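Here come two complexes built around subunit A, the first alongside subunit B, the second alongside subunit C.
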Partner chain A sequence: MTELTEPLFKKAVVELLYQLADDDFILAYRGSEWLGLAPHIEEDVAFSSINQDTMGHAAMYYGLLEQLGEGDMDTLSHARGISERKNAVLLELPNGSGHYLKEPRYDWAFTVVRHFYYSHAKKVKLESLKHSSYEPLAHAAVKISMELYYHLMHWTVWFNQLMNAGGEAKRKMLEAISRVEQDFLDVCSLGPLSAEMASLKLIDGDDALMQAFHENMKPVFDALFIPYKGEFQQHSGKGRYGEHTQELHQALATLTEVYRTDPAAAW
Partner chain B sequence: MTWYAGLSFEEKERIEKALQSVKDPEIDSISVLELGMVERAELCNGNLTLFLLPTFMGCPALDIIKSTILKAFTNIEGVKETNVLFIHHPPWTSDRISEKGKGKLKEFGIAPPMQKNDQTGEWQAACPYCDSFYTTLDNLFGPTACRSILYCKSCKNPFEAMKPVSTWM
Partner chain C sequence: MIRLETDEEKHINFMERIYAGEKIEADDWMPDEYRNVLIKLISMHGISEIMGALPEKEWVPKAPTLKRKLGIMAKVQDEMGHGQLLLRVTEDLIKPLGKTREDIMEDLFNGKLKFHNVFHMEAPTWGDAGLIGWLIDGAAIITQTNMLNASYGPYARALKRICAEEVFHAQHGEAIILALAEGTDEQKRMVQQAVERWWEPLLMFFGPGDAKAVGTSKQDITAKYRIRSKSNEELRQDFFTKYVPRILSIGLTIPDPSMHYDQEQEKWIYQQPDWEKFKEIVRNKGPKSQERLRLRKLSYENNEWVREALARPNDAR
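And now, the complex of A and B:
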């Protein structure tokens, strides 16, 4: 294992951990906004469980950052400013128009597609991380993969069923795919230190990850007789570089509300 | 390797007894030991360190388990101070649940982890009430991260089963 005493190695590990932690953290939050609003009660139970797992994964990564002296995990998750956040912009976007407490006009197709694509990207990264030169991260990847297995299974069922449903469902799904692909490059990006991460063998490089992602996605589209373009952009900003939308600002204001009343409290 | 490697027989007996008293906060028939959560116990000059494996990462019971363990070890001969550390390697897998543990889950109305049928590739669970395999999976995700919801078509009871987790996943 390369030593953490090497400043570049540590810098790259920390950068990668922030991306992984912030991605899971904000998507778990967006998912939890569906509580009580999911299409049916079984989905409410399943989606809540997935969000709880995903928040657990974020906590695991924040825990690794804590061990590296970045601060305690509650502070890392709740008190960091918007420009310090490294999550992909796609994951901070709201579930739809309206507010979860008042007229939530949420978009289930967008949610299914975002989670389906994200779970696939997460799997590709975790498979690579299982061989990471940073051993604690390799161990975390094994643990998280066991839970992601069920998430991916779940979103695959939804994705295929809605795509096969025809009519409005399929139209909305195709729209959601275009929308998600507009910002998916950011999800696949490893940001400013991607070359260093690859050369230090922390994780495979952007290109290898992207290729693995396409290889997993193409058969899904082939089976649905839908052409797979796999052309992604980062329309709304580069989250890995700290660029975010007002939506993240709003989300953080809501989710840190209780934390901010007493940052020292143990919950 | 067993969790008590390196302990004397007497030390192991005392620690085991205390650990057996620490139950899963949500399934109070089964202990953390029977769940296979205890990976290692190290005792050095009265300082006990227990290395535990979390079942699921987002499990909110972990803090409760930790405090229950600390309470259980306040008055154990030969143990002055106790530390509980959650580690992730090796990962907890559902095959770590002991046979005795599986029996206790069943008593509580929870089927042990579903088994994969090698021929059909389907997951199977026997109903904890009537032992029938004529069951269907209702929801992979249950009321807690570690459980799924099933239905027995024989005795017409809904029931829960531990969600299987394994490193091949």
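And now, the complex of A and C:
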């Protein structure tokens, strides 16, 4: 069995954990900006619950990094600079125009599509991680999968409902799909150590993950009688390589505003 | 021979039922006055839960650690859940009047439906986020446990669930406040300033002591129908008894030098809040009233297409 004492193994585990943690951390934030603004109260309750779960998943991954001696989880989540962040760029993009406290004009179609695609990709990764050679990660994957099951169900209902509604809803959804696909490559990518992660059996490689993703998505589109192209691009920078947009800069400024006033204090 | 009951007889039966401790259910006959006071009370409570998430909204992402982020996320989710639960109770009450949730929202936007004075106020620091949980939720526990035995069954049952969750909110708030109160000078200052900002709104939260202060009061009607038992003033006194010693014990100062317990009168003596200001605040003229209403209104308009899509039967393809 591969050991943590092997430097490459540890390096690859750490790299992977940062991606997983940062993805959930930033998307939970984007989700939480919707608080009080969702299409109806019932959705506000359900969406808050999903965001809370997702932030909890981020905390689990940061916790695993803490155990590996990377620093404490609050420092990892709050003190790392923008170029150290490994989240997919798609997940840092804003929910729409405006600020979460001032004149938010958020796009529910974009939110549904982003969360629906992301939840599918997350599922594909978790299925693979359940067999990870790094056991703590395999355990975490089992726990997280149980909650993700409900998230996926939730976004599937929204996705189908709005696609089936036709008219303006469908037009907005199709627009959101093409927007999300423009930056979706990142979400399925494992970055510079992808090959090593696969050969060390931490997780399946990029190609296998992508193929599994297509296999999950195609039936959804078939059922809606919409051709599934599955051609993804990466227009706004490669998050796995530390490339990010100004949007992440602003998001981190908000997320760390209180923390930064005194990182050494007990809060 | 079958004779239909007159309204007067129905009314007498109704009062006998509630005085015998029976619960009234949504489909039971009830006097208009009872229905109306319930609608007013429960819709205001429900919409306050929802508007109450907005002062905390700012602090959800800004919470300083992962643990605090998770804690405040859980709390605001509960509050939204309370709002949902109470709106459903209200919906059943307004159904016979031909009204729906759309009307509740409409009333909120046009100012007919008011929300609690505390949720019109600013919450400019993390200290405020903690204080809201500790003392506002603490005050809410006091007013809501006072109605746990309400004669209207659906409300009493909703309150039971709500109060159980409110206890966690107060603990969450207290944990934030204790960390700050034991923290750096800057953190201590943050929490002291929050106490000063929230003291008057907290006193107002329980409502005026008698009808004279603001002109009208539904206190008498709710007592008559066994919806609540204690008066506004009694609840405010309970709050003092529970929280004044706690506030002082963690080194905080109450911004009212006259505040003390009078042994002879067996009550707390305190400076009355400005009830004229209270009237203005609940008329949506508080410091944050318009901004928060704007957020709700904007989301309502912005998601109109979603509500339309949901209302439309699927016309696939």
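Keep this in mind: the second predicted complex is superposed on the first by the 263 of 267 C-alpha atoms of A that agree within 3 Å, B and C clash if a C-alpha of one lies under 4 Å from a C-alpha of the other, contacts with A are read in each partner's own complex, and residues count from 1 in each chain.
The rule we apply is simple: a residue touches a chain if its C-beta (ideal position, glycine included) is under 8 Å from a C-beta of that chain, and two chains touch if they have at least 3 such contacts.
Quick caveat: nothing in here was measured; it's all calculated off a predicted structure.
K.L.:
Given the touch rule stated above, what does A:P104 touch, subunit B (first), subunit C (second), both, or neither?
P.N.:
Second partner only.
K.L.:
With both complexes superposed on chain A, which partner does A:A59 reach: first (subunit B), second (subunit C), both or neither?
P.N.:
both
K.L.:
Using the superposition described at the top, determine whether subunit B or subunit C touches more residues of subunit A.
P.N.:
Partner touching more subunit A residues in the overlay: C.
K.L.:
In the overlaid three-chain picture, which partner chain does A:E231 touch, first (subunit B) or second (subunit C), both, or neither?
P.N.:
neither
K.L.:
Kindly classify A:V142 by the partners it touches after superposition: subunit B alone (first), subunit C alone (second), both, or neither?
P.N.:
Touch partner of A:V142: subunit B, not subunit C.
K.L.:
Between subunit B (first) and subunit C (second), which, if any, makes contact with A:M153: first, second, both or neither?
P.N.:
So A:M153 only meets subunit B here.
K.L.:
For A:L255 in the superposed arrangement: first (subunit B), second (subunit C), both or neither?
P.N.:
Touch partner of A:L255: subunit C, not subunit B.
K.L.:
By the touch definition above, which subunit A residues appear in both interfaces, subunit B in one complex and subunit C in the other?
P.N.:
42, 45, 48-49, 52, 55-56, 59
K.L.:
Across the complex, what residues on subunit A touch subunit C?
P.N.:
Within the complex, subunit A contacts subunit C at residues 29, 32-33, 35-42, 44-45, 48-49, 51-52, 55-56, 58-59, 62, 73-74, 77-78, 100-106, 108, 161-162, 164-169, 172, 224-225, 254-255, 257-259, 261-262, 265-267.
K.L.:
Considering the complex alone, what residue numbers of subunit A touch subunit B?
P.N.:
Residues in contact with subunit B: 42, 45-50, 52-57, 59-60, 136, 139-140, 142-150, 153-154.
K.L.:
Flag every residue of subunit C that touches subunit A in the complex, lowest number first.
P.N.:
Its residues touching subunit A are 50, 53-54, 57-70, 73-74, 76-77, 80-81, 83-84, 87, 126, 176, 179-180, 182-184, 186-187, 291, 294-296, 298-299, 302-303, 305-310, 312, 314-317.
K.L.:
What part of subunit B is in contact with subunit A in the complex they form?
P.N.:
Those in contact with subunit A are residues 56-60, 88-89, 91, 93, 138-145, 149, 163, 165-167, 169.
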